[in-house]
Each structure stands twice: as structure tokens, then as C-alpha cells.
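By written order: A, B, C and D. Residues from 1 in each chain.
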Amino acid sequence: APAAEVTAPEETAAPVKEAKDLVFASVVKSIGDTWFIRYETGIKQFEKDYGIKSFMEGPSQPDSAAQVAVIEDLIAQGVDVIINVPYGVPENEPAQKKALDAGIIVMGHEAETAKEGTLTYDVEAFDNCSYGEEMMRELATRMGEEGKYIQFVGSLTNASHNTWTECAKAYQEANYPNMQFVAKYESKENQENAYNIMKDALKATPDIKGVQGSDSGDILGAGRAVEEAGLADSISVVGTGIASDAGELLKSGAVDLAMAWDPGMAGYACSVIAYKLLQGEKIVEGMDLKVPGFESIKIGKGPNGVTVIYGSAWIKITVETMDQYPF
Amino acid sequence: MNTTNLKPKVRFEMQTLLLAGILVFLLLFFGLNDQGFLAGRSISSMAIQLPEIGILSLAMMITVMIGGINLSINATANLAAVLSGLFILRFMPESQGPMVIVAMVGISLLIGVITGAINGFLVGYVGVPSILATLATMSIFTGIGVGLTKGQTVTGFPEVVGSVASLSPLGIPMPFLVFVGITVIAYILLGRTTFGFKTRMLGTNPVASKFSGINNKAVIMQIFIFSGVLSSIAGVLIMSRTMSASNAYGTATYVMLTILIGVLAGVVSGKGSVLNIFITVFILQVISTGSHMLLAGVRGSSFFKDFAWGVLLIIIFIINYFTHGRRKE
Amino acid sequence: MTNEILRVENVSKAFAGVKALDQVSLTLQEGEILCLVGENGSGKSTMIKIISGVYHPDQGDIIINGHSYKQLTPIESMREGVQVIYQDFSLFPNLSVAENLVINEQLSSGRRLVNWKETYKTAERGLEEIHVSIPLDAMVSELSTADRQLIAVTKAILAEARIIIMDEPTTALTQKEIQSLFEVINNLKAKGISTIFVSHKLNEVTEIADRTVIFRNGRKVMDQDAKNLDIKTMEFYMTGHELDLDNSQLAQPDQQAAPLLEVEKLGLRGKFKDVSFQLRPGEVLGITGLLGSGRTELALALFGETPADSGTIRVEGREVTIRSIQDAMRNRIGYVPEDRILEGLFLQQTISDNIIVRIIDQMVNKIHLIRAGASKKVSDEWIGRLEVKTPSGELPAKSLSGGNQQRLVLAKWLASDPRILILNSPTVGVDVGSKASIHELIRNLASQGMGILLISDDIPELMQTCNRLILMRRGRTFGVFDREDITEEQLNQEMVADRVFSI
Amino acid sequence: MLKKIVKSSEFVTFTIIVLLSLIIGIINPAFFSLATVFDVLRASIVVSIMAFGLLLVIIAGGIDISFVAFAALASYGTHMFLLSRGYNGGIFLYYAIACVIGLGAGLLSGLIVTRFNLPIFDVSLAMMTMWYGFIRFFIGSTKNFKLPEGAVGYYSRFLVTVRDPFVGEAGLHFSILYVLIIGVLIHCLLKYTTLGRGIFAMGGNREVAIRSGFNIKGTLLVVFGILGVLSAFAGVTHSFLSRHFEPTLFMTQNLDVIAAVILGGASVTGGKGSVLGTFMGVILIQLINRAMVLTGITVEWQQLMIGLVLAFFISIPAIRDLINKRASRAVEVPEEI
């Protein structure tokens, strides 16, 4: 249920700094990921457009402990805004809270499950459960709404991945009685694991017809295994992924659909909201952030009470549309 | 190999002095380069993770001292947090009383003892090399937590759970006090008790220690239990600070970091200094925080930091080599 | 007319202030057998290590085959034909017997490939040369100390050395093997190969030496044709005073006293069987026999390391089960192992820590912290009592010479005040002077009521210290003798009569 | 002869592999197929090649954890370099350049270890941190999926293929030949060259090796050189097989490779180990991981099961040693802890 209006936090009452004196820092799960390289382009675009120093930081390996250390150091540096994409949501909360207490605006992304009071706002490209359901619709269509399917998550500890797969499964049970869930596997965010698991899954359940991936490596590994077994035509592979990684497999037909959102735009949107707050503006339902996908935002509450700003629209990358998404 | 270790006492001080010198140098270096560095906020930023890393480093060090290694320290810490967290959520979700703390600490310590005993059994009694044994138990301990929670982070604890980390009697954060306390205890245990003495002997020559009547198996068992207990205390601190218990917390960084601290502190079979560990943990924390400050906003600064750490380590090894006198071959 | 093959001129070497060698000169002729003798720590091993290139001298020259060196590397030394048998045998425990035998030759020949057939053939030839048989594909780690020593000797012979240096090669050999070794050395001599021979067993020295050099405190004090030196003279030069080695004043234990230890029909499958004896307080009971006769296994069974599987043990009249070393210690049984480096000492730890390791549990105060003062007092006391040669108890044990390390192992056990002490070859590698003092110590301990089991090959030693003797053969007690009832010659014959070798 | 084989540690590992295969096969008969054999072999190729290099270091008495970084540096560095030059040809040049880079990285570690007489483990810890940082700061931090012409289709160059009615086509990848060739070479190096025996000698007793006149430093340099080259070779092969190059290649997999080598009978303290045993160790680790999917253990409990199975199987050699020791008390060698 969208809240009608959310008032800006009190801290913004502080005297407004000039744009050139502001520092916006983004903290991501791991800075080496293709995904976050794209994220960085968004905040760099924001830097150019608004003249506000924006940069991305994060551990070299995805790990909450290391991420928290980065946040702690940013607090000590006295930045104005921290945009955090937490690897583990609860583990990052105390550091976020500490930043809030220090008068810093703290935005979250992919942190829908955060507790109330640990983020100024969380910004999501979409509602995670709907995303999972949409993925299932796409998978079901490609499978002719029947047959066995398996799911991958990058890791069991990843809340988003598990929301996607669970909502997808629930949606299937409600709408596609002829489809049959076989098993969920954990790729450990490593496409080589996904590859080996897919091969073994084919042995364990020879008549698999569909695969749903969550980590961006899942459809790559599974797709490769399917392709090498010469089963590209009979098995549908659908999941989160981006064109630069999955391009070849989309072309060969081993992967049927990669779904994603543009992390660059999410980062940009977070920055814009933070800036508006600093300007004393209020964030309201239906507002246009002038960012693709965030033309008319929705405001809601996460399961643990944090206020979430939803954009609209995921993107769907197929062999036909892949050229439109150069990341 | 013919290192003629003629003045053990002096040598020990050399290593400690060297480390202390590096620490002072780094503080000055970062302090002069960045005005904010010595400000209170960065100190408190450093103090946040330091106790956890420090205690885990001690847990690692004592196993290295008997010629082993314990790869399962982080898994033990997380399992202790997860199991005590599940217990609290199941049996005292609303309670704010001290019993919650008692349960948290009590269950965690129990987990530390049990996991340590499993490691000790495999290494001491079955005779599996510790690198293999603890690799397997790392998987087992994490696996239990993952299985019970389906991998999800355990949250929603009563507020009182956070008090361990947030209290700061006399203005000193509680976790830091715990770390200092444990350092002192470890110092006494290893330096002044028969347990520490036997540990050193076992690490030096396990056959001779057996023939001297030291019960090697029992000492190995005690060492791994001690290591497990220290790990579980780190687990309590993490749980209290993050108000959550995750199976994945620190898995990509903590184990290697503690090994690195041990190596820098000069821990080897039969020899290890609690004081050196204490200083080294500070060194690494200062480097980490300092480089974050100096490199703030530089693209890929974390990567550069990794690179610099590697180089710095080599440099420290080489300084060590020259200050300890060239070793004859 | 002989040719000088090696000349060492005015060599000095100091270790952290200790002058191990002080202006020492030596010569060695082709085909000569030169014996080096001296007390523990007098610099013999240091000299050897300098000739073999392991240590570099502080000053002086080494001239081998006319080539002059300020210092050598091990490989240069080998190229000049020097082969050393070190006290620790310098073997690779993880390699086979054959390979260990051939490895030096392989290296010095500069060949890059290994020919296994050739390796085995050569190895076999080597072992035949000293008339022993050891399985060629056994790992050295599986062998007994004596076998290792034989392999070390064979290895040097095989390397076709021109100078063979043996640093106490006979410590773990029994009479029979020693005789074969001497035969080998004499054969080598006939071929023009020179030998430097270091031993603390002066009777061996008189038997084999052409010339004898005596060291004292890092200086050469005597260099003489062997025929001009008798044992008494050597002892005098080594120690600087006359030794009184008259040991006839053996105390007799009280025959009425209840036995400390009674062993009845003790057995361990494949090792020994039906061993029975009694040990009274104040008694020194010698156990001897050839290699592989089961003496060490018997000792280890009594010490709980490899427990016996049949028979009974009674300590002070009580029947006890000894399943572990802790059980043995609870019954105040101590064991001084043969292999001091591996089983006896913590080389990197201090001498003082090595001494108190057995009694550390008693060195604590009320709150169970170690009392530093007490441990220093105890260790200093034992360093003094056993005359361990060291400037400080705070030095690591590895700074001690072999003989002093052996004393340290003894000190460790004596400090724990055992009731029954098993000594396995306690004077191996110990110089005559120290040996005499260790023997005296043994007698003193016995006279204070301790029961001592002394395992030894050294027949004079047994005759001088033991009240009774057990002779073991093939895992059984072959005979028990009162010392008065047997002479050295008889005992010697009894031992040589058995032709069983190890394994 | 037979007795010797049965006593060898390779035989124990082999028995464990057979045992585990039987258990998996009984639970899921689909396991018994040529496709499985091919899959397991394929997944073992890259790890085996690295493990062979690591084996030399472990026999020499050290433990290296940085070889994974050599692989990443060599494969990713070569790729990004050639990509920037617009190279689009065959794979030979990739292997050549990568092996040179690997050799350089290996020798650098070797030089630091020998020149300053440092423990191998310590140096490798530093080098691993350094190289992964170097790659991502100076070369690039994202995966790259653009393969040169010569590598397109590399993944499906099979020696033989079988058609399985259910699981589709399964082939034995030709790069298993690399394992065979490298394995034989390393075996011969260890067994038939003075250098190889020097590696064993060094691991068995370093001081004696020095005294005997082995060139310890030279030997270590060669060992590190080989480790670097083999890691580079494995890195490039992996990248072609998985059709992309990545800067964090193998980053968290070094412990698994070490475990495989030790499981294959190499001693943690050095002086012992074999090529055949190492290969079987790699296969065993593979099987343990694959058993999870094939036996249908649910995902939440897989990690626990992997740990339990591993703990069980690593205990077998240790228990065997305990029993052997009881049976014949040999002279003790220092125990591993």
C-alpha cells in the first residue's frame, strides 16, 4: 500500500551546502563486477549533470564485513550522502544507522528488507516479487506452460534472489498446473558451478524443460551446458543477465531471455532523490525524477518498515533487443 | 636453516619493536597526509572491526603455534551467532532482560567448545592434517547454519542483544574492552601457564613432547577448543554489533586476513606472541582506514589497496630479513 | 713417501663469541687414517664442517689436492673428493635406501637423469662391500638407527671419495658391525683413500688410527703417531688432567628390599615374548643384545609408548596397566630415548625449558602460573649437576654440542625424579670424561634408591655400572647374569655368537 | 608387488573414489554413464594442471596459495593485451604469451623466497594479494566475453562424443590430453631427473639437501617457474573452455586445489607426493561436489553434506596410518598437525 506522502528527514533542515562542496559516495557489494561498473556510469553521469562529486567505493570481493569497513571510513570522512547497495542487508544496518546518526543521508538500493530507521529511503527499480513473477510468465510462455523446470540462486544468503525464485514458484503453482518444479540450486555466484550443476541436473532429471537463473552467471553456466548438450532448442533458459555477458548465448539460442534493470539508472535515481532531500524538497508519489524508469515513482513500505521508492520497469533482453542495452 | 637463535629474548623484542615502529610510522604518515585521520571519528571507525579481527587472529595464531591452521574460525563465529540467534528468537523473542545476553554468550561459548572439540578430535586423535580437517569442518559448520536458516540471515533480535557492542563503559567501546581482556587472558595462558608451555613444546617437536610425557592429543584438543571459544566470542561481538546472524559474514575476508596478521606478527610453530598480534591488528586497521581516506573517490581504490598491501608485506618481510640478520644457508 | 692430500692452516672459527676453533692446523696424507679426539664441544665437528664447506672459517686456509681455498662450498668440497658421514647421518627419510646410497654420486657426477636400474645395482654393490643386507626399496624413515648408520657409511664409500670423514660413525653400531666397518676402512686405505675418524671410543681409536690429533677447547693440543699414544695419554691431553676411571666401587642393592619393578611373561606380538625380570631399588640392570633383539621395544612397552599385549607388570608390588606414556609416568617410570634430536629435545627452545619440560606441572604457584624464578633455579641446578657446557640456560638447545645435548636429555628426566629410569644408550657420543661422570651419576642415582634399566652396547660400560645383566636375543631373554659371574670376554662372545642382524 | 600397491596412498584414494562412485550410483543409476566420466574428467582438467604445479612446491616442503593469481594474471593479462592490439587469430599465441607471464610471476616469487630466505607460504600470501590487486587496478576489473576467432568453438573440440538419449550429447574434451602430457612430464621430472629427486630431497630434509650439495635455490626457482607456467596454462585453458576471461579467476579456489593435492597423498610437510595420486585427489574432490546434485540432496543441506563427506574421506588415510603404526612401529618421523 503506497503511503501518500513521506516527509523529508529532519537532518535536511541543516543549511544547504553549495553543490560543488557536496560529496556523494556510493558503496557497492564489490567494485569489480560488470554490474557495478554500469552502476558507476550512472553516478558519474549524475556528477556531470549536477556538478556534485560522486564516486563509488566498495570491497574488492563481495563481503559484508569488508563493506561495513568502507562505510565506517566514509562516515569518518564526513561525506554528505552514502548510497549503499548492501551485500547482506541486516549486517549493513548498524553502519547505515551510524551514518544516519552522523547526519548523513543514507540511500539504499536492493535493500527492500531493511529495518525502519536504517535508511533514509530505499530505491528499487521494481518490486522484487513482481519481477520474479514476470520471469515465470516469460519462462512459462517459452515452455508452453508445461514440463519440469529448475531454479538457480547465486547464493542462499541473497535475499533478492530468493524472493525472485520463491515468488516465481508460487506464481507457477497458482497459474501453471502442468509445470513442475524440480529443485533449486546454488551456483555460489560462479558460472562454472552453474555449468557443472546444470550438467548433473540433466542426468538427475533428464527431461528438464526450463531453467530460471538469478545471478547473472547462472544463465551463462546453464546456457553453456545446455548448448554443449545440443539441447538449446528443447530447454528454455530465462534469468537475470545483461547483454555484454550473455550476448553470445542469446545469439546461439542457448539462453532465451535475459532480464535486468539498468543499475546505472538506479544509482542515478538514488543520487537525485538525495539531492532533492538536501534541497529541502519533499519526495511524493508520482514524482518524475527525470531518469528513465523513474518517471513516475511509487512509494511503499518494505517488509521490515523501511520506506521504499519503486521505479517501474525492468528490461527484457532478447536476441532482438540486445543492441538497445549496451551494458 | 642454521639460524643461530642465540638471544631469544632480544629477538622477540626486535620483532615487537619493529612492528611498533611500523605502527608509529603509519600513524604519522596518514596523520600528516590527512587532517581528519587522527580525529576521533576515524579512531572509532577503526575500533569497530578491530576487536573481531583481533580475537579471530588469536584463534588462528594458537593453532599455527602447534604447526597447524584453523580455517574454520569464521565459520565457527557465524555458527555460534546463528544458533544462539535462533535460540533467542524461539524462546525469548520479547525478552529484554539479562537472560538474553546470558543465553547468547552461553550458547555461543558452547558452540565454540563443541566445534573446537570436533576439530581437535579430527586433528589430534584421528590424525588428519589440520588444513584438511578444518577445511572440511568449515564446510560443516557453515552448512549447519545454512541448513537451519535456509541461508537467510537471522534478524529481529530484542534490542538488548545489541548492548554488548554498543555499551561503552568509561567511554571505551565494550568490544574493545573484550578484545583487551581476551588479549590479556591469552597472554597469561600462553606465556605463564603450563598449557602455553606445552603448546610451545608441542609446536617445536611433537615427538619429543610425546616422549616428555606431554599428552599431545589432549594439548591439540585444548588448543582447538580454545580456538573455537575465541572464534565464538568474535561471533557474539559480530552478532551484537550487526544485530543479526549471517552464515556468510566475513567469509571472503576474515580467514585470509587473520593468517596474514599471524604471518606479519611472526607466528610460527612453537612460537607466537600475543603482543605482536595486538600491534599487528592495529597496523592493518590503520593501513586499511588510512588508504580509504587517502584514496577516497579514486576509481578502484580497493584494488590499489590490495596491490599495495601485497607489496608492503613483501617489504616488511625483507626488512625483517635484514634486521634479524641475514640467515646463513 | 706419502703425498699430502689435505692441509688446513691456522683455521679459526667463532660462534657468537664462542671460539670453536682457534688457529688450528692439520695435515692428512694419502691413505692415512687420522683420528680426531677431544671432549664434547672441543671443535671436532666444526673442523669437519669447515673442510666439507658447510661452515666458512673466520680465517685460515684449506688446501685440498694442492688447491687452496679461503672457504669452500659443499659441492666444491665434494668435487675435491671429500665425503662426510655426519653425526645425524645426513639421510633423506622420505627416499629409499637405494636412492640415499647413490644420491651423492648422482649429484657429483653432474648427470641430469636418473637411471634406476643402475641405482639399484650400485646400491647393492655398496651394501655388499660392507657385508650387510638391507632391503633396497625400504624408506629410510622405516629403518632403525643402526641401519641408518650403515647406510651413511655405505653412501660415502660409494661416492668414491678420496677423503672420507666420519663424525662418530660407530655410535649406534654393535661390535660386529664395527669390525666390518674397520675392515672397510682398511680396504680403503689400501686403495689410497684417506679417512678422518672422530670417535669418543678411545679403544677404537687405538685400533684404527695411523695418527691421532687431540683437540681441547678449540685448540690442537697433540698431533702424534698413533703407536706412541695410549688411552691414558689421550685422556690426559683431552681433559688436561688424569682421569680416575676405576669403577669397582659398585654399591650392592639391598637384596631383601621389595622389588620396584616386576615384569612377568611380558610380550608384544612380533617384537618380544616371555620377558620376565625383577628390578630392586638401588639396582642397575643392564639390558643388552644385538640390534633387533627387542631391547628398545621392551623399553618402549614399559614406557607405554607401544604397550605390551601380554604379561603383567608390577610396580612396588602393585599390578599396573601401562597403556600410555602418562600411565608410565604416573608410576614414575622415566625413559631417556636413544635419538636425542628427534625424540629427546626441543632444539629451538631454551636449554632451561628443555630441562623443566617434564616437571612444568610442579613449577606453578597457587593460581597455576609458572614461577619463572623457580624454573630458572631448577634448570641452573641441573646444568651445573650434569656439567652441561653452555654460557646460559637461556640459549636454545641446538647451540649445544652432541654430547652436551645428550646430558640435557638426561637432565630433563632426572629433574622429574623418577623411581624407575630406563636409559637407552645414554652415553652414545659422549666423551670419556663426561661418560665417566654420567656413570658416576647413574651409580649415585641407584644408591639413592632409584631402579635403573640401562640399555647399552658398550660392554665396558655395562660392566662398570650394572649389578646384573640381561642378554636379549630375537625378542627373548637369553640369559640373566650377575656381574660377578661374567667377564667382558664372555659377554662379547655371547653377543657375537648371535648372527641375526636387524629387521 | 601387489602388497606394495595395496599399501600405497594412491590405492587408498582409488578405493575411496570407487566407494564414493558406488554410493552415488546406487542412489542414482544415471551416474553410471560415459557422460558422467566425460563430465568429471572435463571438470578436472584445469584443476589437475594447476595441482601438478602445486605438487612440486608441496613436495619441496612449501605451500603456495598464489598460483591462482598467476593463472588470473597470465590469462586475463594476455587476453586484454591481445584484445587491445586487435588480435583475432589462433590460440597458440595466447598460450605462448600467458606462459611467459606465468613464468615471470613464478620466478619473481621464487626469487623473493630464495634471495631473502623467506617461507613460501608467507611470500605467496603477499603475492596473491598483490597480483589480484594489480590485475584489477592496472589491467581491468570486468569479465570479457570476446574470444579470438581461434578460440571460438574451443569448448566443443571433443576427442569422442556419445549421444545419450536423455542428457544429449556428451564429449570427452581433447584438452584432457594436456593433463595426460603434463602429468607424464611432471612424473618423469620427479622420478627420472636429478632435479626431481632434489625436490624430494629438499622436502625430506632441507638441511641435508644443502649439505649434500643440492642447489636448493636453483631447484626452488625451477619449481616456481613450472608452477607459474602451469598455472598460466590452466588459466588460459579454463578461459577458452568457459568462453570468457576474468580478472578474479580461481580467486577462492586455491584451498580446494591444495586439499586435492594433499588428499592425493602428498605430505603437508613435504617430501612425499605423486602425480597419479594428485590426479585422483582432484577427481575425488570433483566427485564429492557432484554427488550433491546427483543424489538429490536439497540445496540447503548441500554444504553440510559436502563437509561431512569430506571429513569422512580425509579421515580414512589417517586412520589407516594409525592402524599401520600400531602394526609395525617404525622409527618415528615428525607428525603432521
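Simple rule for what comes next: a contact is a pair of C-beta atoms (placed from the backbone, for glycine too) under 8 Å apart; a residue touches a chain by one contact, two chains touch by 3 or more.
Being a predicted model, the structure only gives us computed values, none of them experimental.
More contacting C-beta pairs link the chains of A-B than the other of the two pairs C-D and A-B. Chain centres here are Cα means. That of chain B falls 44 Å from that of chain C. Averaged C-alpha coordinates give centres for chain A and chain B that are 33 Å from one another.
Mean C-alpha positions place chain B and chain D at a centre distance of 29 Å.
Each of residues 146, 150-151, 205, 207, 252, 300, 303, 305-306 in chain B touches at least two other chains. Among all residues of chain C, those that touch two or more other chains are 342-343.
Among the residues of chain A, those in touch with two or more other chains are 31-32, 60-61, 156, 186. Pairs of chains meeting the touch criterion are A-B, A-D, B-C, B-D, C-D. Residues 1-2, 66-68, 71, 122-123, 126-133, 135-144, 146-147, 150-151, 205-207, 216, 220, 252, 256, 259-260, 263, 268, 300, 303-311, 313-314, 317-318, 321, 326-327, 329 of chain B are the ones that touch chain D when the two sit in their complex. Contact residues of chain D toward chain B in the complex are 63, 112, 116-119, 121-123, 125-134, 136-138, 141, 206-207, 210, 216, 252, 255, 258-259, 262-263, 268, 300-308, 310-311, 314-315, 318-319, 321-322, 332, 334-337. Those residues of chain B that touch chain A in the complex are listed here as 36, 39, 41-42, 44-45, 48-49, 52, 146, 150-153, 155, 162, 165, 241-244, 246-254, 288-289, 292-293, 296-303, 305-306.
Across the complex, chain A is touched by residues 28, 30-31, 33, 35-36, 39, 43, 132-133, 136, 141-143, 145, 155-156, 165-171, 242-244, 247-248, 251, 289-290, 293-294, 296, 298-300, 302 of chain D.
Of all residues in chain A, those touching chain B in their complex are 23, 25, 31-32, 40, 53, 55-66, 68-70, 72-78, 88-94, 102, 115, 155-157, 159, 162, 186, 304.
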